[in-house]
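Just below sit the structures, each encoded as structure tokens.
In the two complexes below, subunit A is the common chain; its partner is subunit B in one and subunit C in the other.
Here is the complex of A and B:
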């Protein structure tokens, strides 16, 4: 009870610290931090801009913002599931790319109708991610290869193999990216008119919200989650209790990979619509930050995803409006992350303060 | 100021949320005596000493050293008042040599060219002199990671002496030592006193107090019960002061009534996780209603036997039969389901998931079965009911009942939780490894009673213990292990304690164990 309150309070303190440091830097640059932060909200459609381009409105920005958050939610959940099992999945980006690429080449350029193409994209994303994830788990279980090493290696392998195929077969000679996928396969409905504005409808957000609930349910209510967490806390004790440690590692990486796969299809076949060769999505790494700020808990991750994305998504608009470099956004995020990683110290500090308060109260009681 | 006490802690009170760890405790220690602090786990001994060592601040009361009132805010301030402490868990850098560890933070310096450098030659020389002066033989150039526990402990003692500590605190110093090592440690403590040091000995072992201490303070539930001169104290009386009620030190052990063979271990060979053969061609049988104890010095393969039977370590060769059926190829869970309960040696890393709460830990053997799991969903109310039942039945104490995170529980209650969980399975075989290590008399008694109770209900019990007294007291049959081989197996009443001790050192009953012991220490 108290520890949950502490966690929320710690997150709030970390976020405040990030915003404060950002504000100081903005002040030093001679700009108004409040205005800059308001620009962030405006850029995400959470506050009205002064003027809009024709056919665009606040709702356009808002939906585009939600579209960009969707892959982050999946990716951060992927990190969280692995982390609860004591594994560090740093290969979310590679798993995303693998899933996104497979779905692109199998369905993205096909002539399948939307009702078949879209579910198929999702299924391929899940399957591809799960496959790559379980490979990592199996390597760890069978050959004791540290998952950090194998996932980083696999990131490179996937990145180069995929870019080879894109450049030899699927390249769009103008954009230097893979050819744009067909609208039927896309998880984001482009340019849908709503109230007279052109909007992108992020279909996968529904799935992302479902995934938040599903992971929460898995980790707190399911027997499988009990086993995975046990392995995460203490592999020795879990083994003693008869839990198959190797099987749990593979299972956990499989689920983590499947979520990363969903992140991949919602990113490449939703938000972007194409794949840039030789580039790993930063989403896979940002999601580690999101997961940590969200306390590795699904509900926390949901909040952290939406919050941190305001800063990075809104930074473009902030930079165009106030002339600040958009890198300020990365600084703010970095400070938040830094203070989150130090939060154990912070929580200890809070615990002590609470103790001394209780002590004082106890003394007051005994005086009466 | 004329004062015969070198150290006084007056009316010390320390509260933690929900508990008063020290309640108006006053101790006065004379210069040059061995002062024992005796009490059960959780009686407040360690808290009191942590206050003295500057790790906690007392809520009330004052500390006087050499008659002067002092405020001790940190261990380095304590060291400045020449107070030193040997913790139960050592604080050594394993990759450093003994000398480097001892001088760390206080190094003799020299110049290397114009750069300051640690004068290791001088350090080695100083340590050698110090160790000779107090009879604490160590090789200053040996690497700490490669020396045994008892030598590491000497290093800790030398660390205090190097810093010229006058008041030496020992926190449960014998917990991890063999009987022979305990003897030599107690000698060292006596020597230190004779050379003018003041010793405070935290312990829950009565016989150690009896053997070395001059005076003894008994703590119970945070309160000072009594201070006695050890010379005229009665063991039984002190024990009852300690636990708060008259307890019988002798167990009520019924004659054995053995049934059919339950566990049959044949030519078992087991390698540890590094691939070293720790158990070689070991065979033994345990019948229903029989306690077989494997006695031996730590590290001679006994824990590997237990792990192999429970399935935690693979069997290299040989066979294990439970109720006439081979279980050698079965998984850990399958073996547990066939009827093996296991109380492992390492209760923190193996027996419990410390970050899970008590109800989850108590359900660890059953969580996947109905009614604990239905359709893959955990049934929280079933966990709670089961936990509450066990907490009540086995008197497991904790701050918030079934919801307590196990990490925050005392060692005795953690062990009670494991024993409760394992016994409750009602299995035909129970393996106890070091079941009472680090526990106080009260908790030890309860666990001993449980072991006998299980045996009397017809359970086969494998007891692995380093405590010879425990083996002698409980076992029906004793098997002595040395260097991975069982030297002798015989009914317990045909052994004397000395004979078992001799077999433990790898020599037969007739020879003197002393020579071998000296050899081992070198």
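Here is the complex of A and C:
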């Protein structure tokens, strides 16, 4: 109980550190940090803006914000599943791009009706991500290749190869991105009128919430989840206990990759609708922050996704309002990340403080 | 003929910065601190170096010659400072070193890009997302460069290539022959023995990571001068991770790491030369760009199994534990 409280407190300390550093930077640049942070909320539809373009309202921004959170939830779950098994999957952005690209060229441009196209997109996303993920797991257990190095290499390979195909075959000469996919295949319903405002309905968020529950169930209630965690704690001990370490590594990376694939299709075929060549989605890296702040637990991740995405999503509006560079958002996220790396020490500090407080209380009690 | 010559010239210019970054990584990892932060350290070095060079040439009126060499000094300083942060988090903060390295990379990337934009707008008064560096001068050794094939090693040399070769020799001496180098390597294999001998494990490791940062910074600056002639977001293309892959093939020793860097550098430059020779459109360059990464994976498949990393690599040193 107390350790969970400590974890939440640690996350709060890390977030506060990030926001504080951000505030100091904004102050140094002669701007008002409170106003800037309020702009973040406005940009996400969590606070009303001064004026809106015609046909848009707070709910437009809010739904667009939820749309942008969806891939982050999947991606952070992907990082978490791998991390529980002691693996660090920083190839999420590559797995996302691979899944997104495959789904785009197979279904995105096809003439399939929506009832077939949308589920197909999701299935292709899962399959493509799982394939790439299990490749990484296999390289790790069969050839002892550090997954950090192999995922980074695969990130670059996927990025360049996809960029090659987009530029030679699928380029939209005006936007310099891949051609927009057809609405039937898209996981976000665009421009649906709600209460007189045009809104984008993110369908995949339902799936993302289901994934949170599924991963929680897998990790805490199933033997497979227990085995994966055991391998994460100590591969040797797990091996002696009869758990297949190699199989667990591949399985874990396969699940992680499948979740990353879902992140990919909900990002490229939902939120964006096209792929920009030569750019890896920052989602892959943001998801590491989300996972660490969320304590690698599905429920924590859900909260952290919604919170941290306020910073990235709202930064565009903040930039237009206050003239700050929108990159300040990634600086704040990076500082939060830095603080989470020290969570071991922070937790230890809190534990020690609590223990000394309890000791003092015990002494006081015995005195009376 | 020119194909081979150009392959050698470009290959050398690519592999030497990679080598010095990898040697930096060796220093850190042989002392027991996993360093996946090479990418971020080199980027931070390239940023501070580029900024210093820009200020020296445009604001202080220092001629580009001395500014060039001084910029490498600033690059080393920038890398060293960020290295100090990595050391602090890993040693004092007891962070997971793998995660910490990646976090440092993310931090370096976001901070440098934010600073480039902000400094350009607030101080130099022009909205721009890059710092321009002049193209570095290149030298050809008269006489020696006329030798067929081998002459290419003395043709169109960047001054930093000579600097890196000298640094490599010094680093090899320090790591293998000096007292500090021996202590450093002992920290990576058996920190408890070092502690028992009355030496400061944390201090030695901290210095090792700082050296790693400085060397990475120099490598990053060399890349900024040679490949892009500017510093911008496009600097971060993962060469730091290539350097790590190189030191893993190199089994955490300098000479075999050099061999890995040679393979990377020459595969890449030969690929470019062949695409140009065959006259393919520029989009085919994307396919050539994957060569070093694919090669890394393939080579890792053959080499990783036989490797022996430093015994205490990545472990948080705890005096009380035995």
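Here, the second predicted complex is superposed on the first by the 368 of 368 C-alpha atoms of A that agree within 3 Å, B and C clash if a C-alpha of one lies under 4 Å from a C-alpha of the other, contacts with A are read in each partner's own complex, and residues count from 1 in each chain.
By our rule, a residue touches a chain if its C-beta (ideal position, glycine included) is under 8 Å from a C-beta of that chain, and two chains touch if they have at least 3 such contacts.
All of these numbers come straight from a predicted model, not from anything done at the bench.
Participant: Once subunit A from each complex is brought into register, does subunit C clash with subunit B or fit beside it?
Facilitator: clash
Participant: Contact-wise, after the overlay, does A:221 reach subunit B, subunit C, both or neither (first, second, both, neither)?
Facilitator: Once the two structures are laid over each other on A, A:221 reaches subunit B alone.
Participant: Pick one for A:194: touches subunit B only (first), subunit C only (second), both, or neither.
Facilitator: Touch status of A:194: no partner.
Participant: Mind working out whether A:209 is in touch with subunit B, subunit C, both or neither, as first, second, both or neither?
Facilitator: Touch partners of A:209: none, neither subunit B nor subunit C.
Participant: Once the shared chain is lined up, is A:237 touching subunit B (first), subunit C (second), both, or neither of them?
Facilitator: A:237: touches subunit B, not subunit C.
Participant: Between subunit B and subunit C, pick out the one touching the greater number of residues of subunit A.
Facilitator: C
Participant: Which holds for A:148: it touches subunit B only (first), subunit C only (second), both, or neither?
Facilitator: Touch status of A:148: second partner only.
Participant: In the superposed model, identify the part of subunit B that clashes with subunit C, out of 98-106, 242-250, 260-268 or 314-322.
Facilitator: 98-106
Participant: Note which residues of subunit A are touching subunit B in the complex, please.
Facilitator: 221-224, 226-227, 229-230, 233-234, 236-244, 355, 358-359, 362-363
Participant: Show me the residue ranges of subunit A that touch subunit C in the complex, using the header's touch definition.
Facilitator: 29, 88, 90, 139, 143-146, 148-150, 152-157, 160-161, 163-164, 167-168, 278, 285, 288-289, 292, 325, 327-328, 330-331, 333-335, 337-338, 340-342, 344-345
Participant: Using the touch rule from the top, collect the residues of subunit B that touch subunit A in their complex.
Facilitator: Against subunit A, the touching part of subunit B is residues 15-17, 59, 310, 312, 331-333, 336, 342, 344, 346, 349-356, 360, 364-365, 367-368, 373, 376-378.
Participant: Spell out the part of subunit C that touches subunit A in their complex, as residue ranges.
Facilitator: Answer in residue numbers: 36, 89, 92-96, 98-100, 102-103, 106-107, 109-111, 113-114, 117-118, 121-122, 237-238, 241, 244-245, 248, 283-284, 286-287, 289-290, 293-294, 296-297, 300-301, 304-305, 307.
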